[in-house]
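In order of appearance the chains are A, B, C and D, and numbering begins at 1 in each one.
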Amino acid sequence: MNFLFWLGQKEVKVSLEAVGDNLLRVSVGDTAHDVSAEFIGQEEILLNVDGRIFNVIVHSDSLSHSVFINGRLFRIEKRSALKILREEKGRQKKRDVKTTMPGRVVQVLAAPGDGVQEGQPVLVLEAMKMQNEIKAPQAGQLARVCFRAGEYVEAGSVLFTVE
Amino acid sequence: MFKKILIANRGEIAVRVIRACREMKIIPVAVYSEADRKALHVRLAEEAYFIGEAKPSESYLHVEKIIATAKRCGAEAIHPGYGFLAENPRLVKCCEEEGITFIGPPSEPLEVMGEKTSARRKMAAAGVPIIPGTLESVADERELREKAREVGFPLLLKASAGGGGKGLRFVQKEKDLLPAFKLARSEALSSFADPAVYIEKYIEEPHHIEIQILADNFGSVVYLGERECSMQRRYQKVLEETPSPFLDEETREAMGRVAVKAAASIGYRNAGTVEFVVDRDRKFYFLEVNARLQVEHPITEMVTGIDLVKCQLEIAAGSPLPFRQEEVRPQGHSMECRIMAEDPFNDFMPSPGKIVYLHTPAGLGVRDDSGIYEGYEVPLDYDPLLSKLITWGKTREEAILRMRRALSEYQVYGIKTTIPFFQRILLHPRFLAGAYNTHFIAELEKEPDREDPAEEIAALIAAGIKSRRDAQTGVSSHGKSKEKNWRIQGRLENFAKRL
Amino acid sequence: MFKKILIANRGEIAVRVIRACREMKIIPVAVYSEADRKALHVRLAEEAYFIGEAKPSESYLHVEKIIATAKRCGAEAIHPGYGFLAENPRLVKCCEEEGITFIGPPSEPLEVMGEKTSARRKMAAAGVPIIPGTLESVADERELREKAREVGFPLLLKASAGGGGKGLRFVQKEKDLLPAFKLARSEALSSFADPAVYIEKYIEEPHHIEIQILADNFGSVVYLGERECSMQRRYQKVLEETPSPFLDEETREAMGRVAVKAAASIGYRNAGTVEFVVDRDRKFYFLEVNARLQVEHPITEMVTGIDLVKCQLEIAAGSPLPFRQEEVRPQGHSMECRIMAEDPFNDFMPSPGKIVYLHTPAGLGVRDDSGIYEGYEVPLDYDPLLSKLITWGKTREEAILRMRRALSEYQVYGIKTTIPFFQRILLHPRFLAGAYNTHFIAELEKEPDREDPAEEIAALIAAGIKSRRDAQTGVSSHGKSKEKNWRIQGRLENFAKRL
Amino acid sequence: MNFLFWLGQKEVKVSLEAVGDNLLRVSVGDTAHDVSAEFIGQEEILLNVDGRIFNVIVHSDSLSHSVFINGRLFRIEKRSALKILREEKGRQKKRDVKTTMPGRVVQVLAAPGDGVQEGQPVLVLEAMKMQNEIKAPQAGQLARVCFRAGEYVEAGSVLFTVE
């Protein structure tokens, strides 16, 4: 069984072949590995790669696998690298700035219509007792600011848009 | 000794105090806010009472509610933990009025020390060396500029009511002074309900080293060695160790003696910490007294064998210290990593949320003082400290290797944590050599991160295996049947025998 | 030092050795049977290799497979843990032939000590006091009867190849002799592949107390204090503590000296334990040498600060002992509870199965040496030992109170465990007074169990709440929506502000 | 909401009434308690009874709730005590002896048709390296023995029947 993945900007071919009870031959690019894998629960895999042990958590959606190993998160895309690149370019014209954390907006430092520099703080978000400045990812004009001071923000919300 | 104690705190420190109570046959009473209905400190308490909304001012900072709950359940004493009301003289006074024992110092030293500028004045008067700077907080922007020029750049702006790095700003040049002042005041106001800020001269290549002290009600004050707290990020301690790899025996003893003097000069009682800044020539300056149990107290417990929380309770109950200075003999080395709900790969952004998967380390020399469990949802309303991972070793090297081992076992999934960041620190040659000061982490963050190509390959293989499973069957069903296949072997053996 | 070590074991002891290896920068290699594909020791190892069926003879007892795996992965040494091949002279010889270091004693003392009757002969010759009984195993039923009459009743039948209580039977009267002999032989055969059994005089009100020793390759032998192991059920240790509340200082030292003499007389190397029976007058008799790491070794580590597994590796690598007898100074008190997969409310029947829910205790002075995790399926093929819960305290009282606290936090659901049984022991006045011998548990089991009416009421309330939830909605949906309601509050606040 | 439960031989009425946000008034028999309950996962409940905390796991089927508190298991029946009693009497005539643990039969000590005494060992079952004698629960005649030495037994299997 063959799969094509994208990690970072790299395209990698991964092919799997069952070679015995609980034993797989897995090629990653040009290199082959002896692998056994035990599922513990739905998302946790105890992986044995050429004898070396990895405790892995794989959280999958239709677009990608998020693989968590030794505290690191690898986002392995099922889509083509080209497509991702194209999307990113599209985004560069008009960029939504989202927050990865929930929190409370403490202060809004710029208004829609203002010109902003790359790295300029646009608003201050407080979560877990820490105030974090959220900065403009590129120079441009502030198209909108979606929250006012004092409002709660959920993870994934668009905070503001830079054009 | 008390029969029942209310713990006016949450998270790992509430758990820590609850454990000490249970080991002393004292009934530990938890209080909890709306956000903490399922918190670990509630689960481990014997009694627990709801006190209000998630917002600290409506719950953990609400003096009247805390006092009313203590009276209602018959608690004879209140332990404040650290943060929240730990250094709040009003709680102490209310306790005094209501006949409830406050487990901590009396209100007078609290008032003197809680306000950093009055603490500096008091210490200067007692002959304790202090850092050059203002002895009063800065009134306005004009005075700010004026005093800053007097002290000279670089300098630090500090919250007068502060502690724990909140409301603290480093100012390199005069042009950064005003924005830093505003942010420091805003953070100070939000953290301590007091925007006052003062100025301190910035010490180059500084070490933050603190001395743990214990003082009973009979005039006895002892110090329990130091804690090296220079491993800081944005003025927040992230890793502490004892003994300090930087100190020599002479400085260590001198600091201990000065700490005892400082505590005695203000009539300090119970457990406390005297913080110092130590410059590259090992000259030390008084920084502040933390009039409470410190986050990093466990490393002192590990090397001295002394349970600081139990000492707090005994002192508060009126017992004299059960040991003298010469009986305190630290053994080996201990360090602590503060595991935070922050994303080290994304500028340490807070990462509250549900812990869907948790494996904690254990075994010889490993202590995990945690406030979380699998399935717990870390609220966004409070500090991001999840757990303190502590190791002990006969030598510093053993403590480090043990910490690396423990970190390799520690798995938290669902939220981001600082575990990978500590793995980086614990492999760094400068840390291994013990040659770091408070600048270390800022410098580390400029260096490229470690990469393990084997992990990348394992990740790709895992993705392949997951894709294969998802493709072959509906999610989950295949794995289950496989699992069953193995268990079925015993049965097959039986059937075969009967045939 | 070695670069890579194979651990020829499973469960908590394999985890223990893996941890020590990681802390010494040695690559720990696990081996696993079909039943252990998902075992914790595999998960925590750096490398792991499959070696065969669940049946021990096809995997953990299979000398050739173990040796072949070590050679294949380049392991320079093998650590056998306890049980399985730990005292198997054949493995030691194979290692010697293949140039692999066996982490344990050489084959000669193993052979002498592994066979209990030859050990008794050897010790008697060296002037070590032994229990009256046969110096050879009993050949047949005629000899059994004859020798038993000579020794006198009550007596013990013991497996010559034995240890750990397997193949051991107490015989009160002559009429019980033959059935006990048959059961002892059958168990001995199944456990050790050798049915030989011998006779020992039964000591009244006996204490089982053992001395930990360490012997390097340079003639240095030290003892690290004793372990009180009298808390036994069916000749299996269930709880151990050090120091023994029964011994006086004089007996303690005398036993230490005899243990060193016993070890030296047989050319013992590496870590080992000399077991004694101590009668009510504190007269002690040699019982056996356990030529391996003991299950209960952690309590010695807790009071001495010495990592016994690391010592084993260092001795095996040819290092001399890094300390002398007079430098061993135990501090405080430590005890261990063996958490077993057994049902204390149903005659301690084994209880393998899936652990659906697990909370482990932590914090100051608590160590959990565990071989399990949430979601793990405890196999029926091996020992029921799940975990060893160890506490340390400045005093025996503190160690006990801390153990009670830790047990109250320890929650295992899905299988039955002996946790409630330990809670019973730790509240018993005779245990608290330290006044127990090997009969304690048999007597305890005749007493009525504690009952907490509050728990019964809580159980009924919980049943009511569960019924209500199941009735109001389909299972689960209601609770979820409720949970969401709380989280939604922050959002509502926002919406309200905008309107 | 009212429920009737049976614990041991006792019949207990439990009634629940919501009296506020997250607060219940629960009567057990004649005594009323202030209770709040938080579900953690599907079966775990953090129970606050008059301020006292209990960590409880409730595993339910159509007949009963198995409630696990502080290492103790309470089996709370939804059926009437009378019915249970009747069933037990029925069983006393012809009693199936089941095993609660899986294991391997090492030895069979009596044959069908043999008379047995109460407490007499009938077979030896080995699991987790321990041999356990399984005894006759009452005097009578051995009606059947379902396994032979060397066979594997699953939890819940009937081992033998005494009439």
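The rule is short, and it goes like this: a residue touches a chain if its C-beta (ideal position, glycine included) is under 8 Å from a C-beta of that chain, and two chains touch if they have at least 3 such contacts.
Source: prediction; values computed, not measured.
Novice: Any chance you could name the chains that touch chain A and chain C both?
Specialist: Correct list: B.
Novice: Looking only at C-beta pairs that count as contacts, which pair of chains has more of them, C-D or B-D?
Specialist: Between the chain pairs C-D and B-D, C-D carries more contacts.
Novice: Mind checking the centre-to-centre distance between chain A and chain B? Centres are C-alpha means, answer in whole Å.
Specialist: From the centre of chain A to the centre of chain B is 30 Å.
Novice: Using mean C-alpha positions as chain centres, tell me how far chain B is from chain D in Å, no decimals.
Specialist: Once rounded, the distance between the two centres reads 46 Å.
Novice: Suppose each chain is reduced to the average of its Cα coordinates; what separation in Å results between chain A and chain D?
Specialist: 49
Novice: Give the residues of chain D that touch two or more other chains, as numbers and ranges in rising order.
Specialist: Where chain D meets two or more other chains at a single residue, that happens at 44, 52, 55, 102.
Novice: Which parts of chain B, given as residue numbers and ranges, touch two or more other chains?
Specialist: Where chain B meets two or more other chains at a single residue, that happens at 37, 44, 359, 408.
Novice: Show which residues of chain A lie in contact with chain C when the two form their complex.
Specialist: By the definition above, chain A touches chain C via 22, 36, 38, 40-41, 44, 46, 48, 51-53, 55, 102, 148, 150-152, 154.
Novice: What does chain B use to touch chain D in their complex?
Specialist: 29-30, 37-38, 42-50, 73, 375, 490-491, 493-494, 497
Novice: Which residues of chain C touch chain D once you look at their complex with the stated criterion?
Specialist: Residues of chain C touching chain D: 166, 183, 186-187, 190-191, 341, 343, 345-347, 349-353, 357, 359, 380-384, 407-408, 411, 413, 416-417, 419-420, 423, 452, 454-471, 475-476, 479, 482-483.
Novice: Show me the residue ranges of chain B that touch chain C in the complex, using the header's touch definition.
Specialist: Residues in contact with chain C: 15-16, 19-20, 22-25, 34, 37, 44, 298, 301, 305, 307, 331-332, 359-360, 362-370, 373-374, 394, 398, 401-402, 404-405, 408-409, 486, 489.
Novice: State the interface residues of chain A toward chain B in the complex, per the touch definition above.
Specialist: Going through chain A, the ones touching chain B are 1, 3, 5, 7, 12, 14-16, 24, 26, 28, 31, 33, 35, 37, 39, 42-45, 47, 49, 52, 54-58, 60, 65, 67-74, 76, 78, 100-103, 106-107, 126-132, 155.
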